[in-house]
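What follows is a short report on a single structure.
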Amino acid sequence: MSRSAEALAGIAPETKAAILAEAIPYVRRFSNKVVVVKYGGNALDGDSDERGGLRSFAEDIVLMRSVGMLPVVVHGGGPQIGELMARLGKTPEFRDGLRVTDADTLDIARMVLVGKVNREIVDALNVHGPVGLGLSGEDAGLITATLRDPALGFVGDVAAVDSSILTRLVGEGLVPVIATIGADGAGQAYNINADTVAGAIAVSLACEKLIFLTDVAGIRRDRDDPTSLVSELGAGELEKMIADGSIAEGMIPKAEACALAVRAGVGSAHILDGRVPHALLLELLTEEGIGTMVVGQ
Amino acid sequence: MSRSAEALAGIAPETKAAILAEAIPYVRRFSNKVVVVKYGGNALDGDSDERGGLRSFAEDIVLMRSVGMLPVVVHGGGPQIGELMARLGKTPEFRDGLRVTDADTLDIARMVLVGKVNREIVDALNVHGPVGLGLSGEDAGLITATLRDPALGFVGDVAAVDSSILTRLVGEGLVPVIATIGADGAGQAYNINADTVAGAIAVSLACEKLIFLTDVAGIRRDRDDPTSLVSELGAGELEKMIADGSIAEGMIPKAEACALAVRAGVGSAHILDGRVPHALLLELLTEEGIGTMVVGQ
Amino acid sequence: MSRSAEALAGIAPETKAAILAEAIPYVRRFSNKVVVVKYGGNALDGDSDERGGLRSFAEDIVLMRSVGMLPVVVHGGGPQIGELMARLGKTPEFRDGLRVTDADTLDIARMVLVGKVNREIVDALNVHGPVGLGLSGEDAGLITATLRDPALGFVGDVAAVDSSILTRLVGEGLVPVIATIGADGAGQAYNINADTVAGAIAVSLACEKLIFLTDVAGIRRDRDDPTSLVSELGAGELEKMIADGSIAEGMIPKAEACALAVRAGVGSAHILDGRVPHALLLELLTEEGIGTMVVGQ
Amino acid sequence: MSRSAEALAGIAPETKAAILAEAIPYVRRFSNKVVVVKYGGNALDGDSDERGGLRSFAEDIVLMRSVGMLPVVVHGGGPQIGELMARLGKTPEFRDGLRVTDADTLDIARMVLVGKVNREIVDALNVHGPVGLGLSGEDAGLITATLRDPALGFVGDVAAVDSSILTRLVGEGLVPVIATIGADGAGQAYNINADTVAGAIAVSLACEKLIFLTDVAGIRRDRDDPTSLVSELGAGELEKMIADGSIAEGMIPKAEACALAVRAGVGSAHILDGRVPHALLLELLTEEGIGTMVVGQ
Amino acid sequence: MSRSAEALAGIAPETKAAILAEAIPYVRRFSNKVVVVKYGGNALDGDSDERGGLRSFAEDIVLMRSVGMLPVVVHGGGPQIGELMARLGKTPEFRDGLRVTDADTLDIARMVLVGKVNREIVDALNVHGPVGLGLSGEDAGLITATLRDPALGFVGDVAAVDSSILTRLVGEGLVPVIATIGADGAGQAYNINADTVAGAIAVSLACEKLIFLTDVAGIRRDRDDPTSLVSELGAGELEKMIADGSIAEGMIPKAEACALAVRAGVGSAHILDGRVPHALLLELLTEEGIGTMVVGQ
Amino acid sequence: MSRSAEALAGIAPETKAAILAEAIPYVRRFSNKVVVVKYGGNALDGDSDERGGLRSFAEDIVLMRSVGMLPVVVHGGGPQIGELMARLGKTPEFRDGLRVTDADTLDIARMVLVGKVNREIVDALNVHGPVGLGLSGEDAGLITATLRDPALGFVGDVAAVDSSILTRLVGEGLVPVIATIGADGAGQAYNINADTVAGAIAVSLACEKLIFLTDVAGIRRDRDDPTSLVSELGAGELEKMIADGSIAEGMIPKAEACALAVRAGVGSAHILDGRVPHALLLELLTEEGIGTMVVGQ
C-alpha cells in the first residue's frame, strides 16, 4: 500500500467532499496566475530520500500547472558547486559570506547550475510530459547583471529583468526552470544570489505568489523557540525583524526578497518547509495554508 | 461550527494533501468538458431540508464551473405540475404512465416548468454570481418536438436537438438550465419527458458525462437487495436488465437514456443519489466515485 | 388575394422605386443598431384578430433583424396575470395603482410572465427560424431588483441592469424576449413595471431607439382631442406635460421612460399604435414615421 | 417638388409597408453578395439628360452598397473612343464588327477608357463618399489577355481572371470600377470586349447576379415585336435563340456572356433597360423584377 | 556578358561579404517601412535607352518590395501632356509657370496621366508579377483638391489626403502607382503638381523616406559648380537656399516638398539622379548613399 | 582602418549595386525560412583568433535573422569535454570511435555542453540584443533518446524529435542554440552525436537548408586532392562515396546527415569552411555560393 493510498484509507466521503469544496475556490482563484517557486540546492543532494523530495516537488509543480496555475521555478546550487570545486582541487574563498568568484570559478558555477542542477529539475518535471524548459538568466535577455564589487570577482547584482520570455513560455503551457546566472551587455556572465533573483523575477512578473521552499518551518518570532512560528506578518514588521537581528543569516536574503516583493506588488510571499510532502498544494489549496506568509501591510 | 467546518476538523495535513493530489488530475481531465446533469423535480419540493438540497446542488454546480467544467442542467417538475393542477381543480389523467395533456394542461405544465421550477434553480445558482440562465427547449430552436400520440394530446418526442446555443452559452461561462418543453415548426409547444431530453442533449453536445441525480443510491443487481448496488456496467448489460425487468419503473427512462447516450459517444453516464451532500464533487473528483456508472461496453 | 398582395396591386414601378430609395438609407443607418421594443400584454389576449397582431408583430421583428437591426423585445402581461389569479380564486389588491404582491401572487405573476406570455412571443418569432430566446431579468444577472415598499410586497425597482448577456445574444443573431422579473442578491424575485424595465434596458444598451407599441396613436397635446397628436417633442416638453397632467394615467410610466431614456443617451423614443399593420417598419423605414417621437432636446 | 417626392405623394401607409415588407427579404438575401453590373458607354454620352442617367446609376450603386450588397462595375466606352479618334483625324477600321487596333489606337482606347470614362463613373460615385476605385484589368494581375488574331492588332481575349484584388476591395467597402484593358506576361496591353470581361469577372467571383444595363427593355422572343419580351429563360433556350438568329447583333456578346455565366455557377444573369429610373433597385428588391432574367436551366 | 555580370566578374568573396554585411542592417531597418518615390515624366519619354530607365526603375521597386519595404510611386507627365495637346492642335498657355487648364485641357491631362503614363509604369512593374496597381487621387477619396486660382482653370491644390487606401494596398503587398489628379466634393477633377502631391502623400503616410528621382545629381551649394554637391542638409538650411535663390526653378517644388515633409515627420527626403543604374538600391542599402539627403534639423 | 572598411574601399557604385541586386532575390527567397546551422566544438577553443571565429559566426547568425531568416544553431563540444575530464583525472575510453560514457562522464559531458559551450554561443549572440536562447534536447520534450548499446553506457540515438518548441521560439524572433543531450521517458539523459542531431532537427523542421560549418573547404572527389572539391552533388552520389570509402572519418556522420536530410525533404544540405569570414552570408546570398551543396537527386 503506497503512502498516498494509506493516507486516503478510511476517509469518510463527507470529509473528502468538504476538503474538495474548500479547495476549489482556491483552484479558481489561482487559475492563470503566476506563482514563482524558489527551490533550494540543498534539497537536491545526498541520499535517496531527498531525491524523493525532488520527485514530490516535481509532482506538485505538474499538478499546479494541470489546474491552470502558471508555476515558474528558480533554483540555487551552492552545495553542488562546492562539490565540483573540491573534485577539481579548488579551495572556495568567501568574503562577508559571498563566494569570491574568479573566471574559473564562474565557469564551474555555471556548468554546475546550468548543466547539472537545472537539468535534474527539468528531467524530473519531464517524466510527467514535456513541460519543463531550463533557462539561464543569460537567455533571451532574461537577467541583465552588473558587477557587485571588483574584490568579489564575477559576483553580480540584478540590474534588470526582462520577463517577456517567461510570459510567453508559461502562456504556452511550459514551466520555466531558471538558473541564476546573468550577463552584462558585453556578454560577460555573473553568478547571482538565487533568492534575490527569485524576488526580482516575481516582481517583474507581478506574480500572485512568491514561495521559498526551505528546510525550516517558517519564520520564528524568537529564533530559538520552535513554538514561536509566525503564520502571517506584514512587510514592515519583517523589515524590523531583519533590522533587529531576529532573522538568522541564511534566512536574510529570503526575508529581504519577500519584503521587497510584496512592497512591489506581488500578492504574497511565503516561506515553507519543503520537506513536508505536497507542501505547495497545502499552501495553495487549503484555508489555513502552512509556513509563514508575508503580505503588503 | 458549520457542518463543513466540523467535517474538516482534525484532518491531518497529509490526508488533505493526498485528497487534493488525487483530485487534481480529475480537475484537469474535466476542464472545458461539458457535463449534463439531470436534476429531478422531487428534490425541489417540500420542507426546508430539501431546500437545503437545492442549495447544496447549486453550490456544486458553481464549484464545477469555477474549476473550468461546463455544467448544463436539465430539470423536470412532475410534482409541481400536479400541485397547480390540483389548485385549479383539474384531475390529472394518465395513460400508460404518461400524462394526457390537453391545451390547458400544457399551458399549466409550461407555466410551472418554465416559470417556476426553472426560476428556482436559476435563482439558487445566481446567489453565487450571474451564472445561471434559464431556457426552454423552445428557445433558439433548441428542441424540435413531434407529437407522440394524438390520444395523449400535447406530449412530445424529441425530433431534433440544436445545441449550438448551449455551446455558446457555456463558452461564455454561463450555466444553461433547461425546462423540457419543445416546439414544432408551427410554433406548437409540447411537454417532453425530462430524462429523455437530458439524454438527447448529452448526445448532441457529445459531452463527457451525463449524470442523473435521483433519490436512490444507484442501480441494483437485485432491485430488492440494497447491498446489490452495481458500481459500473456496460450499456449492453444495462439493456439486458431493462429487458428482463430488473430495472424498476421510474428508473426505466433514466436507464434507457444512459444506455443510448454512451452508445452514441457520451463518455459515461451516471445514476447518483442526489441526497448525498456534494454528490457531484465526489463522483467527479475522487477515484472511486459514487453510484452507478454506465460505460460504452 | 392576400391583404398584402392587394396593397401592392397596381403600384407603379416608379412609386416602388421611390419608396425603396427612400427606405435604403434608413436600413443602412439602423444596421447593427439596437432597437428596444416594448410589447404590451394587451395585444396578446382575446380574439383571433388580435392573435393576428402577434403574428404581424413577430413578422416585423424578424424583418428588422433580417436587414441587420438588433431588436430586443420587452413585454408585460397584466391582463394574463389577472386571469390566472381569477381562476385560482385570488382577489387582486391594488394600492396607488400598483398590485400588492404577496409570495403566492409573485409566483403566479412569474409563471404567467415567464412561462406563458414570454413563451407565446418566442414561439411566434421562432415560426420564422430559431431566432427568439426568452429571458427573465433573473437570468445571467440581467436585472438586479430592490424592494420598492414593504407594504406592496414583492414589487421591485430596477437597481442595476447588466446588459452584457443581451449584447452577446444580439451579436449572435438572436432576438432576446424579456419578462420583467428581477432578483436581488439573495435570490429573491420581484415583479417590476415593464415600461420602466424597457427604459432601463434601452439606457443600459445605449440603444438607437426605444419603441413603445401601445393601443393609442401617440401623445396628444390635448388628451381629449384626437387631432392634437404630437409627432415630435423634446424630453423637457414631455416632462412638463407629465407635470401639468396632460398625460393620462396608463401613459405616465411610458412617458417617463421615454424622457429618462433620451436624457441618458438613447437616440430617440417612440410611442406608436401597435394596431397599425407593420407599424415598426413604417416608423423605422419612412421619412415621416408614425406616432410620437421624443428626442433629447 | 422633386420627381421622387412627387412619386411618393399620396401613397397610403399600408402600401408603403407592403412594399417594404416585400423588399426586406431581398435585402437580406443579397447582403454580402457580389453583384456585377455592366454599364454601357452609350449611357455616358451626350446631353444633360443622359448625364442624369449616370447620376441615377451612381445613386443606385451607392444604395446597393449601403444595404450590404457588394457591387462591382464593369464599363465600356466605344462611342468615346471613336470621338477622340475623330479629333485626332484617325479613321476607325472594323473587321467582322471588331475594331482593328494598331499601337496608336490602343493608346487612344486606353486613355479614353482608363483616363476618361472610368474617371467619370468613379467621380459620380464619390460624390456620395469615398467608395469608388477605378481599375484597369492591368492592375494587380486582374485580367491576363492573349492576342485574338494578328490581323486585328491589339484586340485581346480573356486568358485568365485573378479576382483576388476585387474580393479584397469589396471586403473593404469599396466599389471597383473596371476598364476592360488587359495585359499579357510581357506587359503588352490589349483592348477587350466589355461584355465578355463582365461575364468572366462574374464567373471568377462566383457572384450572385450579373446585370447588363442596356438601352432595350430585355430580350424579345420575336425581335421585331416589342410585346414579346421574355421575362425569364434558361441558358439552353438562350443559346438556341443565339444559334437561330433571334438575338440581334449588339445583343449577342451580352447574351453569350449571360449563358456562359449561369452555366459556370453565377446565380442569375439579367438584361435590363438602364434608362428606367432605379432599374437596379426594381430588379433587386421587388418580386416581379424587370427585364429578362437568365437562369441555369 | 550582361552589364550586371560584367560588374560582378572578379569581385573577391571578402568584398562581396563586406558589401552584404553592410547592406543587411539597412534591409532590416527599412523592412515594413513606407518609401514614397516620385518618378518624373521626363524619364519615360524618348529613345529606347530611356525606356531602359523605366525597366531598371521597375526592377528596383520590385526588389525593394521583395525585401519587405513598402514602396509607393507618385508620377508626373508634363511632356506627355504637351505631346497630346500638340497632336490635337491645342496651344499650351502658361501663367507664372503654371499651365492654364480649361475643361478640355483637364480632360487631356487626365487621359494622359491616368490612361497612359500611369499604365506604362504599372505594366513595367507587373512584368515581375501582379504587384502594381494604378490609382488616381480621385479613387477612394485619396486626394481632395481645391481650386488654386480661377484664372488658372482646373489647377488644384491639395486640401486633404486620405491615405487609408494606400495603407491597405501596401499591406496586401501591392505597389500603388499614383497619378496626381484630385477631385472636390462635387466630383470636379483638378490637375495638381506631382512634386507637391508626393510630399503630401509622404506626410500623410508618416513614411520613412521620400525620394525624388530627377535628372540631376542632387542639390548644389553653387548651382553652377558641379563639384559643390551637398550630400546632407537640414530643412532650415534648404529653406534659406530657396529664399536666397540658390535653388533653380524646376528644383523649387521638389525642395519645398522635401523641407515640408521632414518638418512634418518624414524620416528623410532625398533628391537623386534617377539615371544612375539602381540609384534607389544604392541610396537605400549603402552607408554613404547618393545624391542629397534632407533631414529634420 | 578595419578589415571590413578596407574590403569596401574603392568599390565602384555599379559593383555594389550589382552585388545588392544579386543578393536581394535570395533575401526574399529565404525570408521566413528555417536554416539549421551545425557549429563544431573545434571552432570555440584555443587562441584569440578563433574566438574571432565565434564573434564572426554570431554576427552572421544575427544578420541572417535580421533579414527574416529563422536560424537554429546546433553545436557539439568534444574537445571541451575532453578538457574537463583531463582536469578531473578521468581517462576517456573510446570504442569504435564512440566515447564510453558512464554516469560520471555523462554528468561531465552535460555540464560542458549545456553549461559551458552552449552558454558561450548564447552570450556571443546576445551581445547584439536578446536573441539567443540555449536549449538542451531534454527541454520541452525536444529530443527523445534511446540507449544505443549497453556497452557504451549513456550514449543515445535519436528516437524522436518534437520541434514544436523550436517553431514557437523562431516565430518569436529568437535563435535557439541546442546542446545535443536527449532524455528518455524515465528522465534518464544521454549524450548524442551532434551531427546526427542537427540532421534530425533539420528534418523535423522540414527546413530550407542544413549547413555544417567545418574546418575543411567541402567534400573532395579525391580526398587527397584539394583541387577536387565538389560544389554540388546528389544524395545518391554522396551515399556511394560513403560506401566506397571516399569520405574520410570525421566527415562520415556529416555526410550521412546531409544525405538523410535531403532525402527527407530538406531543401539542400551544405558543408562549408567555417573559417572563411562570413561564410554563411556568402553561401546564402550569392549566386555561386561556397563549399559543397547536397541536393535531393
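For clarity, chains are labelled A, B, C, D, E and F in written order, and residue numbers in each chain start from 1.
Note that in this section a contact is a pair of C-beta atoms (placed from the backbone, for glycine too) under 8 Å apart; a residue touches a chain by one contact, two chains touch by 3 or more.
Keep in mind that what you see is a predicted model, and the values were worked out from it rather than measured.
Asker: If you take the chains that touch chain E and keep only those that also touch chain F, what is left?
Answerer: Chains that touch both chain E and chain F, as defined above, do not exist here.
Asker: Compare the CA centroid of chain E with every other chain's and tell me the farthest one.
Answerer: So the chain farthest away from chain E turns out to be B.
Asker: Measuring centre to centre, with centres taken as mean CA positions, what chain is farthest from chain D?
Answerer: A
Asker: For the two copies chain F and chain A, is the contact made of the same residues on each side, with over half of the numbers shared, or of different residues?
Answerer: same
Asker: Calculate how many whole Å lie between the centre of chain D and the centre of chain E, each centre taken as the average of the chain's C-alpha atoms.
Answerer: 35
Asker: CA centre of chain C versus CA centre of chain D: separation in Å?
Answerer: Taking the average C-alpha coordinate of chain C and of chain D, the gap between them is 46 Å.
Asker: List the centre-to-centre spacing of chain A and chain D in whole Å, with centres computed as mean CA coordinates.
Answerer: Each chain's C-alpha centroid was found; their separation is 73 Å.
Asker: Any chance you could list the residues of chain C touching two or more other chains?
Answerer: none
Asker: Specify the contact topology among the chains shown, as one of line, ring, star, complete or other.
Answerer: ring
Asker: With chain A as the start and chain B right after it, run through the chains round the ring.
Answerer: Order around the closed ring, chain A first, chain B second: A, B, C, D, E, F.
Asker: For chain F, which residues are in contact with chain E within the complex?
Answerer: Chain F residues touching chain E: 4, 7-8, 11-25, 27-28, 31, 59, 63, 66-68, 276-278, 281-282, 285-286, 290.
Asker: Quick one: in the complex, what on chain C touches chain B?
Answerer: 84, 87-88, 107, 110-116, 118-119, 122-124, 126-127, 129-136, 138-142, 162, 165, 168, 172, 174, 181, 183, 185-189
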